[in-house]
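Every chain is named by a letter (A, B, C, D, E, F, G and H) in the order it is written, and numbering of its residues begins at 1.
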Amino acid sequence: MDFARLDHDRKRRTGFPEVIFCEGKPDEFLVDIYKKMYEREGQVFGTRASEHQYEIVKAALPEASYDKVSRILKVVSTDYKKPELIGEIAVVTAGTADIPVAEEAAQTAEYFGSKVNRVFDVGVSGIHRLLSNVDVLNSANCVVAVAGMEGALASVVGGLVKVPVIAVPTSVGYGANMGGISALLTMINSCANGISVVNIDNGYGAGYIATQINRLAVGYKDEE
Amino acid sequence: MDFARLDHDRKRRTGFPEVIFCEGKPDEFLVDIYKKMYEREGQVFGTRASEHQYEIVKAALPEASYDKVSRILKVVSTDYKKPELIGEIAVVTAGTADIPVAEEAAQTAEYFGSKVNRVFDVGVSGIHRLLSNVDVLNSANCVVAVAGMEGALASVVGGLVKVPVIAVPTSVGYGANMGGISALLTMINSCANGISVVNIDNGYGAGYIATQINRLAVGYKDEE
Amino acid sequence: MDFARLDHDRKRRTGFPEVIFCEGKPDEFLVDIYKKMYEREGQVFGTRASEHQYEIVKAALPEASYDKVSRILKVVSTDYKKPELIGEIAVVTAGTADIPVAEEAAQTAEYFGSKVNRVFDVGVSGIHRLLSNVDVLNSANCVVAVAGMEGALASVVGGLVKVPVIAVPTSVGYGANMGGISALLTMINSCANGISVVNIDNGYGAGYIATQINRLAVGYKDEE
Amino acid sequence: MDFARLDHDRKRRTGFPEVIFCEGKPDEFLVDIYKKMYEREGQVFGTRASEHQYEIVKAALPEASYDKVSRILKVVSTDYKKPELIGEIAVVTAGTADIPVAEEAAQTAEYFGSKVNRVFDVGVSGIHRLLSNVDVLNSANCVVAVAGMEGALASVVGGLVKVPVIAVPTSVGYGANMGGISALLTMINSCANGISVVNIDNGYGAGYIATQINRLAVGYKDEE
Amino acid sequence: MDFARLDHDRKRRTGFPEVIFCEGKPDEFLVDIYKKMYEREGQVFGTRASEHQYEIVKAALPEASYDKVSRILKVVSTDYKKPELIGEIAVVTAGTADIPVAEEAAQTAEYFGSKVNRVFDVGVSGIHRLLSNVDVLNSANCVVAVAGMEGALASVVGGLVKVPVIAVPTSVGYGANMGGISALLTMINSCANGISVVNIDNGYGAGYIATQINRLAVGYKDEE
Amino acid sequence: MDFARLDHDRKRRTGFPEVIFCEGKPDEFLVDIYKKMYEREGQVFGTRASEHQYEIVKAALPEASYDKVSRILKVVSTDYKKPELIGEIAVVTAGTADIPVAEEAAQTAEYFGSKVNRVFDVGVSGIHRLLSNVDVLNSANCVVAVAGMEGALASVVGGLVKVPVIAVPTSVGYGANMGGISALLTMINSCANGISVVNIDNGYGAGYIATQINRLAVGYKDEE
Amino acid sequence: MDFARLDHDRKRRTGFPEVIFCEGKPDEFLVDIYKKMYEREGQVFGTRASEHQYEIVKAALPEASYDKVSRILKVVSTDYKKPELIGEIAVVTAGTADIPVAEEAAQTAEYFGSKVNRVFDVGVSGIHRLLSNVDVLNSANCVVAVAGMEGALASVVGGLVKVPVIAVPTSVGYGANMGGISALLTMINSCANGISVVNIDNGYGAGYIATQINRLAVGYKDEE
Amino acid sequence: MDFARLDHDRKRRTGFPEVIFCEGKPDEFLVDIYKKMYEREGQVFGTRASEHQYEIVKAALPEASYDKVSRILKVVSTDYKKPELIGEIAVVTAGTADIPVAEEAAQTAEYFGSKVNRVFDVGVSGIHRLLSNVDVLNSANCVVAVAGMEGALASVVGGLVKVPVIAVPTSVGYGANMGGISALLTMINSCANGISVVNIDNGYGAGYIATQINRLAVGYKDEE
């Protein structure tokens, strides 16, 4: 693979293994990368994979599995022993259309070893749905708030909890939502405290940060 | 006044008298307009007036009065008999910094004959403040929701009431609020129903529309 | 349906039943939601449906009907008795290309029980077409003004009527229309009073608000 | 003047003498330029001049005169014989706040030898004011339409006349007018034909083009 | 045709017949409109037509003809006698990719009775190509300058001619051209005089205005 | 204080006391709020205060102190016993001009009880300055990265550490930095993991979140 | 070819032959242009070609060759003798997804006679990968830095080398990357010196400029 | 100076000494930095200095000198021996208002040891002024093209010369120039080759890069 420099040192520096962003990778490159990483690590985790990409990777690595909703394409060897999940993260969404991004966040966090509670479809236009779940939010070490359209969910959540809220704007919406820019601006300008924001539709990034915080909260140490 | 064409017909067509937008009007023009309208109508109502403008108008028309917060500059003759206020409008704000715009809305609606209930500083980061005022909102014929920063208030209100919500984004905020564009986008993209939006800081416009709705609700008829 | 939280309380809180936004919903989810709602309510109303979505819903619920222009996908049981339509709303468009959005508004208002008058293709470049319809506008309790390109229609209408104007910018146009942002800005910055704005192409939202106002004007009361 | 290259050839190439854009020019440069041009041409015409600039130019060239509204700073020698004005241009504005830009256009056209009709404060929110002036517009060879806020005036004018409409967006407005960008977009996206647009507040440019068209219409020939 | 209000009065008011903007019109509507107009006028002129639209119109009206480059779809009866072309317009482009928009402008002007000179592929990166055609530009009554990418052509042309320049930004380019917004801004901010601008890719609009000017220049009078 | 609803419940819900955003607050309001809060809590912490605001608060509450760089205006009673600082946060800046925002973050975190390490002026154009401080970053529970201009610092830091990075774009820069939007976009689009973003110049928000994370890392519990 | 004006003089003026931008060129035009240029020059170099374009050109000119990654479509006669490559240019990328743009730059520079060193996948989130290649960068006469997402690579490179850095933002990324605008802004606002920027994905432009600089550095002289 | 980390290594790494960006630096910091650098280097070069900053630096370091046009604030000891200027750079501007930015570029290049030719006020609206200076441009090793408004100058220059063109957009203009963004976009989208762009008003950056190129062209070597 002369086109890619594997960052062998990444796990030592950051505590996390490399993850593949599948979208737009040419077929040959993708299969090659999956094979190389699977050899070295015994498992591969990729995001934003298409069904076509699943098929070509599965042809090369039959252990491959694919989740249509989150678009995560994993390869885990049969003798791989899942780590016990630690701590607790809550992932909430405003609507059902935000679920794919939320699942990317949740499954990323689970892959990295965090326990996840899902609280979906609790948007602010029916505020009682969120309020009746405040206890779930407060038992988490970090809340991931996923919302498109006007993205107001993050602000309300931020005013209800003690822990950091990672806000994920989504591209869900139409017209003046400008592909998610509107929700992003809402979250960046939030009047509530404790909210920080990742890129539009970046469920993976939110799952990563939530795990960092969750690890700190449970006193997790790397084995190296 | 050869520079301005007074719209004598406006009251008949729209049911509302003309109002002066004072900001940026040169001194001589402004005084002239106030004098002409006062002669003809017996009262003048102007918005976005500065203290300096108050002084020059007061010099010409001693009945002039000025409200620092809303920046409304009124001239009402002493024998003018206030109309009885009809119906009910609720004006809510997210924060204290939104009050000037809210007062412009409230006092405009009152000038046009509507009764107004004020519910200020009930932003979504402390959601209980809003929830404990739901009854006030529900007794109104129209709710004016005034908010800057991320403007999430409108969405939560929209999900709680039966009546139309006029959302007023304000320029309150900093950084990526882009002078109120962020709050405007939030409100335009709201996931809640029943929300329509006016220009940034346009309290006057909201008070006008709220009165139109309020008049319809109480079966108000023009006298002409 | 563990992916969606039905808002059973919505009708009581807001006076309106839930409506399905079909665009982008996965096939299985959509059919499931239509079936659940049809069971519970005896009727379902969905917007922005594709012909494909119509086919799969019809396969499950033969009472389904679809309007190509407005893209509304309804299911109404044969023994459902239409409510009498109350009050009056006017829906006007600038051009013929704005009709799909206008029909979404009109049919939404009709579904919610409002009588609707349609006045299409009366854009301001041929102003006499609008002026000859002023009486129709003035007999309504609310005017919905639908326009793309530069969206000037709303301002002219606003200066002609006593009732609130709900302005709906459309994505009709090309080049610097930026997918409807241009028309949205025009309407938000209108020099006329009595105009409030909803999202680009949001006919549904306009039909909803127009009905809220229409109900207030005729003294409509919920039965519960 | 080693900092500026006078374009001696301009009159021959374009038919128009050079004009000074005063805004932002340092004091010494400005006076120097006025003096050089006055020597060579016997008259100087500058736009966007401040009162301070008027004072320093007047100190050097006592023939200088200044118009506060249009901000035009002229120097014309006492023995200069005004050319007879030819043809006809109409300059219309939406509001009184647009008059400074309109006067820049009108006085520029007059300086270049065109006869100008002014029709001010005929914005579309009171459409009868414009309609009662259609004859004035139709007798002109070119209409300059000046409007801020949502700038809808240009579209209505475009649908009423046979001659080209030069649309001038102004920065008049607030909030989402974005310094005039909103009016510019409205005019560029106009549904009416025959409309072309110049920069925000560019009255000078509109007066120049209107004169080009007016000259063509009357068969004007340069003397050279 | 209850969906469209034909503007019978347009020719009298503006001097130009109605033209069909084909893009996005549903098949049945389009054929219907072509048939109705052909009946009434004996000729129909449509812009932005697809090949599919050509086929369905031709099936109904065999006299239909289509130009692939300009995408103009005309129907002219065999006994229609072309008017003699009057005056002169120059249409220049920066590159070959701008030709489709330029042809829309040129053929529109020709349809409206103007004589057109084409000067294509004379972009400013090889300035001698433009300079060697200055005489052609100067013999015209109006120059239409068509350019994408950075759109600098208009400014250079503006400095070389006496007549009005109608600048047409095109969507040609990539990256930061933002679909033509970059060229539009260039032209609006031009340092040269005599330039006014129409919408991105709006060849039709430029051909219309150029004809208005050309008619004024040759003293053309409507027959009615 | 009928203009403001004190959120008495906030400390219980979120674990943090209320903080005053001073910018733009009218003088009387500000002094009033400081006095009320000082009475109730024994200490007040305000951000973005001007020197003038310091003077009027000091006149009412002589214990007031002000830091010119961070613009923090504190009132702490003399018998107030500072809590012991816990855990560790690192605050890094790209340049010296970013220090005011960084100090707002650092002093906020200290006020909320966190120990802070400052690492200033380590921008990426001299990358060795940052690399020689990696150990300091790695000993922290959270890194706050403050940068204006192109904001590249956050990405490099994100690739070097195990803990969450709170990125704070600043308005430092000129031209195409668009008041900090450029740095905000850089940070939102970061290719590095573990980075989440707050509003432009929002040092306070970053200090708040960093403290939330720091508290989780040291197992901090509220006393109530 | 009456649609295109070949710039015969270009090589003399600028030192470089004409290059074909293939994207969007109609089939017949493209083949025609390739044939004409091949006849005259004995070689043709085209960028942004599709596989389809390769096929139709190859059908006409069997010597045609195509590189899928860079999308360069070359025709070189078999007796063409490649010039010796001179000097040295370094092309670096942040990620593997940036390679197509980088190859366009590298192969353009090679076509124009420059020696190129490729250093791919050295993004700043793993800074050691770049630092271990500083010697390669410093041996070049010019560095081309290609990066999408947040584009921070250019700033770090700029702080490490003596020679000019040509920064190429790419459209790689998603969400708030806005098609590459984010990376473009990052590079334009860079805190490092010696960085200038070309259009998004403009590998060709960077290869051209890098060759200009490389030629100057080795004292290259045109033969004419 | 504990607030700033002097980059002692910069000269060795990049070949250029540190330069002070004065704008916005607090008085004490600025004087301190000037003193420290003067001690160490014997000379200091600062850009964007105000007259006030000149006064306070002069009070501390009487050798200080200031140029009002370029706003450069230099301190050079009396026994400092200017290096001989090498090679040749051309700096061209579109208008006189662009001269301050051009002088910043020119004087920066001269400070770094380059010979500079100035060609001012040769904007494209009078193209002959530029064409009569082509020889000056062609004798340079690098051309710096400085232009505001629509910024078309860079494209024309790029088509006339063999050497790299560094394009500097300026904030000169009004209305839709958006503080220079318009000129920036023009230059980034240029149809001409050999053009790369720096930030708006960034004369310093252009002078730096031009010197890098000039040094390569003359075979300059650092002494260390």
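The criterion applied here is as follows: a residue touches a chain if its C-beta (ideal position, glycine included) is under 8 Å from a C-beta of that chain, and two chains touch if they have at least 3 such contacts.
Model, not experiment: these values are computed from the prediction.
Peer 1: So if I look at the partners of chain A and the partners of chain F, which chains show up in both lists?
Peer 2: In this structure, the chains that contact chain F and also chain A are B, G.
Peer 1: More C-beta pairs touching across which pair, E-G or D-E?
Peer 2: Per the contact counts, D-E leads.
Peer 1: CA centre of chain F versus CA centre of chain G: separation in Å?
Peer 2: Between these chains, centre-to-centre, one finds 44 Å.
Peer 1: Go ahead and note the Å separation of the Cα centroids belonging to chain C and chain E.
Peer 2: About 36 Å separates the centre of chain C from that of chain E.
Peer 1: Which positions in chain B touch two or more other chains at once?
Peer 2: 13, 126, 159-160, 175-178, 181, 184, 188-189, 193, 199 - these are the residues of chain B that touch more than one other chain.
Peer 1: Can you give me every chain pair that touches, using the contact definition above?
Peer 2: Pairs satisfying the touch definition: A-B, A-C, A-F, A-G, B-C, B-D, B-F, C-D, C-E, D-E, D-H, E-G, E-H, F-G, F-H, G-H.
Peer 1: Using the touch definition up top, name the residues of chain A that touch chain F in the complex.
Peer 2: For this pair, the touching residues of chain A are 13-16, 141, 159-164, 166, 184, 188-189, 193-199, 205-206, 208-209, 212-213, 216-217, 219, 222.
Peer 1: What does chain F use to touch chain G in their complex?
Peer 2: 94-95, 123-127, 131, 149-152, 155-156, 158-160, 173, 175-178, 181-183, 185-193
Peer 1: Using the touch definition from the top, list the residues of chain G that touch chain E in their complex.
Peer 2: Contacts found on chain G: 3-5, 7, 9-10, 13, 23-25, 29, 169, 171, 179-181, 184, 199-202.
Peer 1: Mind pulling up the chain F residues that touch chain H in the complex?
Peer 2: Checking each residue of chain F against chain H gives 96-97, 99, 120-122, 126, 128-129, 172, 174-178.
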